Amino acid sequence: MVVLISIILLAPLTAFAVYALLGLANKGNPRQDVLSTFAMLAAFICSILLFWQIDPKPVPLTIDWISLGSITFSMGFYLDSVTVIMLIVVTLVSSLVHIFSMGYMHGDPRYPRFFAFLSLFSFSMLFLVVSDNLLGIYIGWELVGLCSYLLIGFWFEKDSAANACKKAFLTTRVGDVGMFVGMMMLFTKFKTLSLYDGANAGIFTLVEGLSGTGDMLWLSVAGILIFCGAVGKSAQVPLHTWLPDAMEGPTPVSALIHAATMVAAGVYLTARMFPILTTSSSLVIAYVGGITAIVAATIAIVRFDIKRVLAYSTVSQLGFMMLAIGAGSYVAGLFHLTTHAFFKALLFLGSGSVIHAFHAMHTHHDEEHTDDANHEHDDHSLVHEHGSEIPPDQDMRNMGGLRRKMPFTFITMLIATLSISGVPFIFSGFWSKDKILGGVLERAMEWNSIHHYILFVIALIAAGITAFYMFRLIFMTFFGEPKNQEMHEMAHESPWVMTVPLLVLAFLSFPVVNHLWFNKDFVKPPMQHHIHAPEHAQVLPDSKTHNTEFSLAFLGVSEANAAEGEENGHDSAHGADGHHGHSPAHTIAMILSIIVAGFGILLSWLFYHKRRLSAEAVSTTFRPVYNLFWNKYYFDEFYDGVLVALTVWKSRLYAQFDGSVVDGIVNGVGTVTRDVFAAFTGFFDNSVVDGIVNRIAEVTWTIGGRIRRIQTGAIQTYLFVVIGGIVLIILIFRVL
Amino acid sequence: MEITLKTLIFYGFALMTIGSAFAVVTVRNIVHAAFALMVTLFGVAGLYVFLQADFLAATQVIVYVGGILVLILFGVMMTSGRLQMRIHIERGQLILGGGITLALLMLLLTVIANTPKWKNLSDDGTVFVPTTSRIGKLILNEAFLLPFEIASVLLLVALIGAALISRKEIRD
Amino acid sequence: MDFKNNIESILYFTPEILLIIFAASVIILDLFVKNKDSHKVAYLSLVGLVCTLVATLYISSYIADSSLSLFWGMIRLDKFAIFFKILLVLATSATILFSLRSEEIDVGLKGEYYALLLAVTLGMFLMASSTNLLMIFISLETVSLTSYILAGFLTHSPRSSEAAFKYITYGAVASGTMLFGLSLLFGMTGTGNLAEISQQLPEVLAAGEITGLGLLIAITFILAGIGYKIASVPFHMWSPDVYEGAPIPITAFLSVASKAAGFALFLRFFYTGFQAEGILQSVDWSLLLAVVSALTMTIGNLAALPQQNVKRLLAYSSISHGGYLLMGGVLLTPEGLGAILFYLVVYLFMNLGAFFVVVLVANESGSEMIESYRGLSTRAPLVAAAMLIFLFSLTGIPPFAGFFGKWLLFTAVIGKGMYWLALIGLLNSVVSLYYYARIIKAMYFESSDEEESFSFNKSTFALLSVFVIPTIFIGILNILYNYSDKITLQ
Amino acid sequence: MTLQHYLVISAILFSLGIFAVLTRRNAISILMGIELILNSCNLNFVAFSRFVTPPENIDGQIIAIFGIVLAAAEAAVFLAIILAIYREFGSIRPDEVDTLKG
Amino acid sequence: MLLSLMIFVPLLGMVVVLLLPRESEELIKRVTLLFTFIPLILAVYLFITYDRSTAASQYIANITWIEKFNINYHVGIDGLSVTLMLLTALLGPICVIASWRNIEKGIKAYMALFLMLETGMLGFFAAMDLFLFYVFFELTLLPMYFLIGVWGGPRREYAAIKFFLYTLFGSVLMLVAMIAVYLASGDPGARTFDIPTLIALASTEGHALNSLNFQIWVFLGFFIGFAVKVPIFPFHTWLPDAHVEAPTAISVILAGVLLKMGTYGLVRINMAMFPLGLDRFTNGSDFWGYSLALLGFINIVYGSFCALAQTDFKKLVAYSSIGHMGFVILGLAARNDTGVSGAILQMFNHGVISAMLFLLVGVLYDRAHHREINRFGGIGSKMPIYTGITTLAFMASLGLPGLSGFVGEALSLLGAFAKYKTLTILSTIGIVVGAAYFLWTLQRVFLGKLNPDYEDIPEINKREILTLVPLGILTILLGVFPHIIIDMFSVSVTELTNSLTEAIGTFQANL
């Protein structure tokens, strides 16, 4: 087990280290692609092997990492079924992306580096997944952020890529800081960051001690802060803006990092932290997830950039997962995570294939962006979506009719689309989405909670919209007549290294692994999360918890709870997840979800295939709504605006201020800081601190000059000083 | 204190000393000042006599009047043309100097008036004893031999120095 | 009091007598030396100083730890006096060596020059050992008069004459004032002997026969004379002008030897005369001295800031060092005394060393301005390095001796709770860095228009090292600390 | 003719001397002022010797004698320097001898 | 003996260098390298043989120096000092190599001064006698002044004198405090400068040193002395100037070691010796009780924002140093195991990382002859290795987990959070801003389209890589295995925090 996990982690790390060492010696590694891919495949195989060895009652494998007096920080792995499933998902998708990239990235001047970064990413992601403690998770967490940064900015000559990678890193880091503060809160309370019981009790055990005490509010805050990390990483509202921009990276990166794995890490983290989530923090998470789902879905409707449609789709789907966890459907969330990982990776790779087809030369990153690259102000983040700003090879308006040219791509993408749209029964996406909707509705009914009813409705609408925009994508890309003949001529099916991964993923978009999640012997019963009665849930129960029974049980940690779980718990009516079988809520949810999905597909068909309805007409009719969607709810503008408001006092500089002149969030911060703070530091350091010092020096110097002036050179002046001095001394000391 | 001839003479000397000293510091002609200084020096010599310091009075006359004053007059003649006989003074400097001097004087007078040790000490009734031989003994044989010898070195130094600095002039 | 009479005292007076003899011999030898460039007289005076030093050391070992009152109590021979005598001989020897190298000193008047140097040393010897008001005054005047002449020694230099003129005018007024103060003190106690005065004063004060004001006036007047020797505020104003105008060796001499002798006088006067309880209560002498000390270092330092002439800059710097030294004396504690003595030794080496560099640079470049130090680090690296060490030592930066000296002084002050004075002193040393650094900047950070390097012979470097080595090692090595501790006043 | 008489005379002489030194813009006048100061000191010593110390103790007088000697020596050097100044600056006004300053 | 050898070998090297002829520059460099290598070897030996299980100081040499004042040449190392001596010894040879080519004039004097500097630094960290401590503290001042003033940039004179004056100002206040402590340590004759003795006395009930009022004042005296060195706001303005003007290797030493002298002093003197004074400024009960943490917070936020506003690459790194030292202060203010350990680890790590950063800036400056961030652009495609190493250094500096910068920062914050909730949370702004300025710099310098001016910019050469690789390895190694360093000092820190708690507790119990 230790050997396997070591291989899983070290194989990709070694691949990266080889690259780094050779690079340092200024020798490129021509076969980095093979090395990385094999490393990844090895990790995948080991993950599969690990799958069979999984201990039903896992114990963390830990070592003491840092010992400080009474406090020890340990590092270790915790391998339970969820972990292993994640490992398999990550290694599998990663392997496929590696293979795909061998075709997609072929001919890139930094081809080896790409694979090295992918390896580093894989290592970080795997480390995150297996860590048994918050510190380890945080380490992996930041490392995947780094890799995301490096890979988004892989074509860093493009200013938009350079901006996007920075924006991605910084935006997620805002969330990470929240997570870190949350960690500090937990650490201060529990003196440990281990989650599970090892040599000492972990947080999940210790948190029981808080039950019923006044610390519940505190725990809620800590939970929400930890969740902040997930908000950043999983691109939840309001920190979602980086993900669409992150599409500046190579498409395989988008598939691996920004669809399947890293962004899902937030969901994974939230799920992992489930035992410490209180009712109110859960509700916050649920709302954030729900809002994200609907907001991103609506934005996706009006995008034309194929990758951005997928990006917003990803955001939306991540919202679903968060909603599930927030609503207590822990397993549903994770289940959707896995299914989504496959079909969304497939969609991205498919789109990559399309883009590749349109642009076999792989030089687009050098060409399209030269025209309006603007060095004066680092202003790119805002206007990507406007017409010509979309790279032509990604603009769906240039596509159409590709299904004949690229049959493999078409079919695989169609499968994925059917899956994500929730087409019933034979596609995995249907099942996972249904679990979520069902879970939320169940919670709502069970608690009679208005919040959860609202969330259910939101989720349902979002699901419908998902079906709509996904089919819009399919119709615009693969059906109809080619819009751009020239480009259409160039298009061709991708080489086998690219299509094989597509096929594998397409296979996985069918419900082939679903049963894993519903095997009670394998996936331990999730939280016996005794969430309160709804009235408490609605009115911030933490303030009242001291007189409310509140208990937490844990996934595979507490034997008692595990046992209870196997017997379906002492409170099976509250069992939050689908493995209890279909309750009425689930049935209702399933029916409704089929209806909305069908409706969405139908609308899409009418709009974009049959042209019975005119998208233009609708958008004109609902101009304000359209604008809202088109401008992505003005989130970027909002960030810019807030920051700009800070600079209003410097209006002279910004006399010609105009919303579109201002940067994206990071550049906004940068600009504001540069101007305001440069002025301030200039003022403060030079005028106040140095100023005081200089003033003192000046005064000293002046006094020196004055004293010099007394030294007139005339001896009688000196004598005056002598005699006057004597008189003064006598007078002063007589007075004293 | 009854007014006797002795006191009259004393006050005469006192007035002469102070008056001429006042002239020294006020007259605008340097030669006049030099002569006023002579009177002051004589006056002080007179006071020495009243203090029964006979040898000292003689020394005062000889050294000061005979030596220093002549030196000063030579100095005046060598450095001052007719036009430079007038001593420059400036009003501001005068006022400031006068002020400081007055303050100093007031302080000194306060001390003199308020020091019990110095009060009511009169010289009536003591017998005059010539001091010269005692001075000679003290200087040459007793406590003051060392100062005497050092003073001789000092005078030698002054001699050499004055000559040296003057020689500069001669060689020019 | 156990006074030695004149005959008994002669033997103990040998060093001074040797000085007189050699001073006379120098003048006589000068008559026979035909070659004007010959340095014979200088060497003879050096021999004289060496003899004096040997005699002093011999007497020192002879009297051991006891102390003698010579010539009916006129002077006192104790460790304190011997310490200063050694110090002064060293300073004078250094001055003579500087003079040998300086091109300022008129070749025609060497005999007088060296004789005067020996005479002034004699005066300083006496200043360090006088215990009688008359002796104090005579020794002070001997030193002063000789100094006036030496300051005005340069032929064809109006600046030198001006220096002498200012010096003598100032000195005469100051010493006149002092004499008046001495006369008041004499009137209050009826005696000229310091030891008796120190007995009498508390008694008459306690008996109410004299007032605090009277004592204050007397002491302040006397302070004018002493203060002008050590150049303390407000009696310091002569020194920048005189230092600037006088020949550099004399400036060095005045700034070190004259100041040291002044401190000897100051210490003996205050330590023996003003230790008694009653006096300290009449007027807050410590506060008075502390204020004077603080003002002295502050004004000296501040006025040094804008100076362009290195000699003048060092003049102000030596004023401020007078302030530091005075700091040790404000509380009249034994620690303070030890600190002052230690610092004087350190100061001797570092300040003389700095002036020696000024001599060397003035010889080569003909200027005393800071500009002429530009690029010294390349033109004469060793000299520049030596100057650097002196300046850092003057600033008080470890590991150079100046730091250890200052440290002792501050310890003495803080030991009695005068934190404010220590703080002023320390802040002053920060200020002082600023102007010392200007010289360093010129030497090291700027380059000269002229590239050719200065040529100095080996003996110059040997002499330089005589100052550099102690400046580096006095503080680090544990030698002088114990010695300076044993020097007490009786 | 008490001690205080002499002391007052002496104090006045001293003050006048100081006054001369401070205000007279002539080097020789300054010298005269100095002589006044020294005289006042001598007078003090002699007076104290007469009144304060025991009659047989004439230390004060002897100090005064030395004072006179020193005054003479000082005057000699002073005048020599005045001559030098006169030669270099063509003036003996102290305010005109001010090249060294600052 | 071993310790003394380590301290004075560079000084011996200085003498040797001075004796070499000025013309044989290669020889001089090699000799210097040799003499900086010996301390490194010794430091490694110390690192291996140091007994980590005890807080007592080891390798003690105690020789009477100035008997009269009971001053001893007392050197010894505990966990804290050995850590920083290791850092110093490590940076020594690296700086010599970094100076190999780009010191054009006066290489002899440069190397001699550098060796003197190293002696000062090593001695400072080893000194166990307050007087010796101060002497070594000041001893670093002189060479630094010249190294900046002679070999620096265009405004070097200004920067040098500013550095000197600021530091001297601080150190004179320290001197006053030091003398006060000495005088209060006992009756005449029984006074001492011995740091362990003084620490013991300061916690002894009824001793003059164990007075709250006294401790507050001497604490302040020492604190200002060290604060200038750290530098703590508002004494920081010398730092950017000094860094901008100093030659690369000197910036490395300045940021790498000299700043640590301030924080080391805070731990060694202010924390250990004046528990009551420390308590006054860190008890968290009123404004003064927050003041130390507040200063840490200001340093973090102010330094970070200032860095964000810079356009000069080196100045940016300099301000980032200010920010990072803020974490040290914050960790120390927490005065618990976690915080103090974090602070010390951060000292070491910041030494390594900032050394890297300054070396990297130097590499770029040597090629472009300017440091204006906005005038670069896209050079990542021309200098991939350089870009890679820079990214590593930046990531380490912005506290990326897995690299060394993170651990110290995180521990400091964790420690501080236990005591100062709000301030610590606010301080995390520094983490975000830290990422912002580094990434923005990365973008402006390396990403985007290549500035045509740098079409031919040469890649980083072997010598430069040689200076960076050991530091890079350490950065990664200590990010993954921080206990290598932490184990060195954790016992000492525990001892320190325990005795602090005890001393404060005893004092308060007696109130």
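Things to note:
Labels for the chains are A, B, C, D and E, by order of writing; each one numbers its residues from 1.
Note that in this section a residue touches a chain if its C-beta (ideal position, glycine included) is under 8 Å from a C-beta of that chain, and two chains touch if they have at least 3 such contacts.
Please read these numbers as outputs of a predicted model, since none were measured by experiment.
Here the chain-to-chain distance from chain A to chain D, counted in touching steps, is 1. Chains making contact with chain A as well as with chain B: C, D. Between the interfaces A-E and B-D, more contacting C-beta pairs are found at B-D.
Chain centroids computed from C-alpha atoms place E closest to the centre of all protein C-alpha atoms shown. Centre-to-centre separation of chain B and chain C, using mean CA positions: 31 Å.
Spacing of chain B relative to chain E, judged by their CA centroids, is 71 angstrom.
Chain centres here are Cα averages; for chain D and chain E they lie 65 Å apart. Distance between chain C and chain E, defined via averaged C-alpha coordinates, is recorded as 43 Å. Residue positions of chain A touching 2 or more other chains: 708, 711, 713, 715-716, 719-720, 723-724, 726, 730.
Residue positions of chain D touching 2 or more other chains, listed in rising order: 7, 14, 17-18, 21-23, 25, 27, 30-31, 47, 52, 59, 62, 66, 70, 73-74, 77, 81-82, 84, 87, 94-95, 97-102.
Annotation for chain C: residues touching 2 or more other chains are 134, 138, 141, 145, 148-149, 152, 164-166, 169, 173, 177, 184, 187, 213, 217, 240-241, 306, 434. All chain pairs that count as touching, in label order, are A-B, A-C, A-D, A-E, B-C, B-D, C-D, C-E. Taken in their complex, chain E has these residues touching chain C: 64-69, 109, 134-135, 138-139, 141-142, 146, 149-150, 156-157, 160-161, 164-165, 168-169, 172-173, 175-176, 179-180, 182-183.
Touching chain A in their complex are the following residues of chain C: 165-166, 169-170, 173-174, 177, 213, 216-217, 220-221, 223-224, 228, 233-235, 237-238, 240-241, 283-284, 287-288, 292, 299, 302-306, 431, 434.
Those residues of chain C lying in contact with chain B across their complex are 6, 9, 20, 27, 70-75, 109, 112, 115-116, 119, 122-123, 126, 134-135, 138-139, 141-142, 145-146, 148-149, 152-153, 155, 164, 184, 187-188, 204, 208-211, 213-214, 217.
The residues of chain D lying in touch with chain A in their complex are 18, 21-23, 25, 30, 94-95, 97-102. Touching chain C in their complex are the following residues of chain A: 697, 700-701, 703-705, 707-708, 710-711, 713, 715, 717-719, 721-726, 728-730, 733-734, 736.
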